[in-house]
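Some structures to go through are shown next.
What follows is a pair of complexes built around chain A, which joins chain B in one and chain C in the other.
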Partner chain A sequence: MAQSFSQLPEDLRLVKSAHVTYIQSLDSRKDEYDYWLTEHLRLNGLYWGLTSLHLLGQPDALPRAETIDFVLSCQHETGGFGAAPGHDAHMLSTVSAVQILAMVDAFDELETRGKGKAQVGQYISNLQNHETGTFAGDEWGEEDTRFLYGALNALSLLGLLELVDVDKAVQHVAACANFDGGYGVSPGAESHSGQIFTCVAALTIAGRQDLIDKERLGRWLSERQIAGGGLNGRPEKKEDVCYSWWVLSSLEMIGKTHWIDKDQLAAFILRCQDPERGGISDRPGDMVDVWHTVFGLAGLSLLKYPGLQPVDEVYCMPKSTTARVLGH
Partner chain B sequence: MAAELKKELYGGGVGGEDGKLSTDPEWADVEPVVLQEPEGALAAIAYPDDYAEAMAYLRAVMQAKEHSPRCLRLTEHIIEMNPAHYTVWLYRAANVFALNLPILDEITWLNEVALQNLKNYQIWHHRHLLVENYHPLIASDPAAISAFAASERAFIAQMLSEDTKNYHVWSYRSYVVSKLGLFDDADELAAIEGLIDKDVRNNSAWSHRFFLVFSNPAYATPGAAATAYDAGVPAEVVDREIEYVTGKIRLAPQNQSGWNYLRGVMVKGGRKLASVEGFVSEFVIRLGEERSEGGKEGEGEEGEGEDVLSTHALDLLAEIYAEKGEKEKADLSLRRLGQKWDRIRVGYWEWRRKCLEVGA
Partner chain C sequence: MADHGGSQHGIARTSRVRTEEQRQRDLGRIAKYRELEDQARALASRGEHSTPELFQITTKLLRLNPEYYTIWNARRRCLISGSFSNSSAGSSRSKGSSTTSATPNTAPSSAKCSSPSSATTPPGPGPQTAGKSGTTADDAGDEASNPIENHEATPTPAEAKAPAAEATQTTEATEAQDLSVIKSELAFTIPLLLESPKCYWIWSYRLWILEQAIARLPARQARKVWEEELGLVSMMLGRDRRNFHAWGYRRHVVDQLESTALHGSSMVETEFAYTDSMIKTDLSNFSAWHRRSRLIPRLLEERGADAQTRREFFNQELELIHNALNVGPEDQSLWYYHQFLVLNLVSPNQPNPTTPSQALIVPDLPLADRIGYLTSEINLIDELLEDYDDVKSIYEALFEYRLYQTQLEGRQPDEREKEELARWLGKLKQLDPMRSGRWADLEKEVGLGVYM
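Let's turn to the complex of A and B:
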């Protein structure tokens, strides 16, 4: 079970500098159709790109001052952040904003030039459903365990967890548990690796891992590895690099990463790289994108692949950031 | 259906003869709000002209808090170009409710949009809002509820025919079941059985069946954990489900979904795993034996003569042996899984073997 990765073929290695170039190039593709079509993910995209660069050990590859300017330009009076200037505030973009500011160590600028931490905390806590404990994504009330996790993630980084009813939130997550040990998007919904990550991470932040049936969940998660080394998100589905993060980080949080074959998973992720132009795709040979790039790199980091900064399995940010912000 | 929708509200489009809002007399009174971004801003966006123009008019009417048929048509125009723009959807919903439009008309329109945007999140949230607003109007009318349930089921079936495992569709389905109280609806269970007949490996369908059967408020204990025994579930329901799933497992012995379902049923029903030992053993032949029956002479290695039709069966058998205190047989089962039948998870099987030692 030694993690040497020496068994991997010679030509299968991480193309670090190509990945850095790829992420830097994303910002210069503004004229492309896809760029404005994904405008609703702009702040999230910046978080994915910046996290990738931090894990690659190149935190300064995007200009810090412009990064902070852009993030603050997305903030509303309510404290929430929209995905881009002119977009309504949303939980997911607000969480990305907090994570970006945490990574570039700019909470002080949020105080002096933005609306301040407390206002952000207020925005998030207003989205909690006081009956069920879960969180909405925006004032319109769409509910999803992604938003609940996002709320606990951002509030814990801001040191403002006491603004919400954590016990109620925990009860809601427990209600999303399924017979197979996994978790779904809402009570009664099918287990899904992405939702499992959000539920397990939320319970971890809340200090309530005792509610997890770790053996049953670990069994289900480890069954996600298929011949070829990749992980899928649900039974009988295809493998996909993003699950290298959702499944692996969940296994890591419950201490069961050794239940899968790490060498084979690392080899699968490496095969999904574009070795010339950088970036990582969902499966070998497909088009790369920043989303699969960050989760591929984060997966490799969790696997302790050499040359990457250690990633925090709960926050999907560099451990150095969470250590500084949370004081671990 | 769509043809009956009012042109003033649906499918009527916006823009003058050249398709531009700036030449459309209907929009002449609106001053578009163009987004100014600082020169060289990080992540600044260059839009195509049509989209930029439509967004500028959208900002104007949103700022003026206008709710009108033309606004509804403008949102349709923008959604056609960029269905992922959540702000447009929220504004559309605000128009629907402010104008007090018939919700079923909006749902009819939405069905078409949904079929063209299978992986989109916003269509589901929009639908959710519509149902939340429609339900109180029909809650006391069983005929209306059952008509609405039937039309939603038809729409869901159409969506699933495009992708039988679409996660949005399935989570919406469980929401509709709860909202409209369809746990005892025979058509719902029949629809799920049809999907399992078509593809016995459809985990989404199995998961939904579990929800229908074991979350039925007619007998399920409120708040009972999903992975715990529920004394409220009648024994005949447990028997029926064991019978159903074992039949389906025989069709595809290596299908995880069936085995996970069986385990779930055993837990809910508080049954001993050993009660299905006979069934499980069908899939594990001569475990650990050196030679197959009638095989060639000579010294074989351990397990050379064995056959395992399902690793999930062997896994369950190991638990059954452990439950009965037959530690050596349990250990052999787990060892063979790690050595031969499921090598990629050898770490897991070795951990299970260690647990046997501790448990002894």
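Let's turn to the complex of A and C:
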């Protein structure tokens, strides 16, 4: 398969150095209004950028010490992390913090300079709904399988899964299954590729893939590829680079990536690059952002595009990181 | 990992070069925005949630940036300790409204590699551009400038409300006050939702406000507030028929309206009728088909449908989907719904431990009848080929359903059927090379190698 990529048109190549430069430039845009409007995503953005750099083989392109300082500066007494200093703690930014610290191998600094792993675990486990097994995003109670996945992701990285009722969480995910083999945001909700990723990954972390109807799910996921090679998130919707990750990683987890046309998907992602300034967009010709950049790169990595580090399909982090942290 | 809104979806790539004038204008906007942030943090860190100042600043900031979840939280705290009466301590849902603030340092420190333009949740493209929404900080508070806000009772803006310091209010007065705050908050979020219909934080704030209605108002009044919410959801779904936020929100609102807390009763009939109208508007709306598939089992149960009625209902659904397939056999939404119906025939014999049984519409149908139904479906689909011999979904359905049929009959496909399956699979390979790996797996699984 790797050799078939050489059949891609000459101009369709991964512009690695442009992507590195693009990601490095993201924090130098303080004179742009958007920089401030997206501060509520700062920690997530750092995770997306850092993961991109790791996949591009440039893990040191952001200074490690400053990265750790910034992450720790976002932590609250409760153990949870906000998106930036002065922002409230939330599951999503807490998961990003744990993932970043895992990537830069700094759990010991969390222990010595932060509030410690146990406190982070406590923050997350307090967000589990003991009746249903699902998780809230924060104290205000919004529930979603994204948060459930995030909890299992971060807790497993911290080695603290025993803090929560994993069986209950698994039951909740099973209740989100639909007749088409997919999963929704909550029981009764329509199947959606993003939620499928969170549910399948959560079941994988919990060691309960036996609950997945792999044939039916694989069919549904493979039908997400549409003319042009890109993947959509639901039937009869437009393609978008971020689904290169949600759909493809789900297919990978159930062993069915060969059910789509990998070359066409790789070509679609490559066409979404900004070849001059770096970064990847949702569709060809649109504005790039770091979110589509990481999911485009992660997709290419899963497709074994040459020159990229292998990505872990469950955690969306470099395999080298999950191997080190989880001892795989 | 998944995250919240603000990514660049569908915005054309343009040169990033700004003129000096544009840059200066940006700097001015940044200064204004950050000044508001600083004020909000200063007031919040002093715990001044009960003063009108902080509340007013949240109004301005959220209009500039509805993705700012910390500010939505600050607004909740303002309401709890200020505008709302104290008769009901806190929200029914919140586990406590105090968070320890991260660091007293308010200066947004140097995020390495933060994203000026990032992200959404996996669930779908996020709001077009965070920050475009709302008006400028200067006219924040000018409720009248938003025409949509006049759609329902828009009482005095909560901004204008003095914090409820007086302890000796009558129940009636506190309820009236709470109702007014609730209505004002609901009105406040409408223009924000219209601007950013995929912003999680707005939807979740709105739900929190609605829950305050249950916690703080008599059931009859709370019910009215929730009932009006259905109108909002319908409006949002009218603008984007597939918005899964809105569909999820609708489910939640209906659940609540059916609950005893709101003196509710089943709405399954009206909801089913709603899917009817949505499907009639747009056959491709899988969200509506999905909702329909979820409502049917309850609908039949509540109708007390006997075997005959169930069979008639099943026939009607088949007819509906046949008519749709006749005009749009390429439409995946239709085929998924057809599959749902067919699974009703198959699942009693195919207990799949991983997927909930779909034998929900006609559970007691005798085996011979199920086989009869399936055969007739196969024949009808086969007829579609007369007009559409190059539509892949037709061959896929034929292949799948023929296998179901032989399974129901408790046998392997015979020679003639294998030849037929091989012919359909050949068409699938030809029409849909993208999924050739899947067709190869099917060929192996069914043992069609020698027939191809």
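Operating definition for what follows: the second predicted complex is superposed on the first by the 324 of 328 C-alpha atoms of A that agree within 3 Å, B and C clash if a C-alpha of one lies under 4 Å from a C-alpha of the other, contacts with A are read in each partner's own complex, and residues count from 1 in each chain.
Keep this in mind: a contact is a pair of C-beta atoms (placed from the backbone, for glycine too) under 8 Å apart; a residue touches a chain by one contact, two chains touch by 3 or more.
Note that this is a predicted model, so its numbers are computed, not measured.
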Will chain C clash with chain B on chain A after the two structures are superposed, or do they fit? clash
I'd like to know which partner A:85 touches here: chain B for first, chain C for second, both or neither. both
Taking the superposition as given, does A:274 touch the first partner, chain B, the second, chain C, both, or neither? second
Looking at A:50 after the superposition, I want to know if it touches chain B, chain C, both of them or none. Which is it: first, second, both, neither? second
Regarding the shared-chain residue A:212, is it in contact with chain B (first), chain C (second), both, or neither? second
A:260 in the overlay: touching chain B, chain C, both, or neither? Say first, second, both or neither. both
Examine A:188 and indicate which partner it touches, taking first as chain B and second as chain C; both and neither are also allowed. both
Let me test your reading of the model: by the given contact rule, A:40 touches which partner, first (chain B), second (chain C), both or neither? both
Overlap the chain B and chain C contact sets on chain A and report the shared residues. 27, 30-31, 33, 35-42, 45-46, 62-63, 66-67, 70, 73, 82, 84-88, 90, 138, 140-142, 177-181, 185-186, 188-192, 213, 216, 218-219, 222-223, 225, 234-237, 256, 258-261, 264
Show which residues of chain A lie in contact with chain B when the two form their complex. 1, 27, 30-31, 33, 35-42, 45-46, 62-63, 66-67, 69-70, 73, 82, 84-88, 90, 137-138, 140-142, 174-175, 177-181, 184-192, 213, 216, 218-220, 222-223, 225, 227, 229, 234-237, 256, 258-261, 264
Within the complex, which stretch of chain A touches chain C? 23-24, 26-27, 29-50, 62-63, 66-67, 70, 73-78, 81-90, 92, 95-96, 99, 126, 138-142, 146, 149-150, 153, 177-181, 185-186, 188-195, 197-198, 210-213, 216, 218-219, 222-223, 225, 233-237, 240, 242, 246, 256, 258-261, 264, 274, 277, 281-283, 285-292, 316
How about chain C: which of its residues touch chain A in the complex? 1-4, 6-14, 16, 23, 26-27, 29-30, 33-34, 37, 41, 64-65, 67-70, 73, 76, 91, 93-97, 99-103, 105-125, 130-131, 200, 204, 207-208, 242, 244, 247-248, 251, 284, 286-287, 290-291, 293-294, 331-333, 336, 339-340, 343, 352, 354-356, 358, 433-438, 441
Chain A contact footprint on chain B (complex, rising order): 35, 37, 41-48, 51, 55, 59, 82, 84-87, 90, 93, 125, 128-129, 165, 167, 170-171, 174-175, 177-178, 201-204, 207-208, 210-211, 214-215, 223, 225-227, 255-257, 260-261, 263-264, 267-268, 344-348, 351
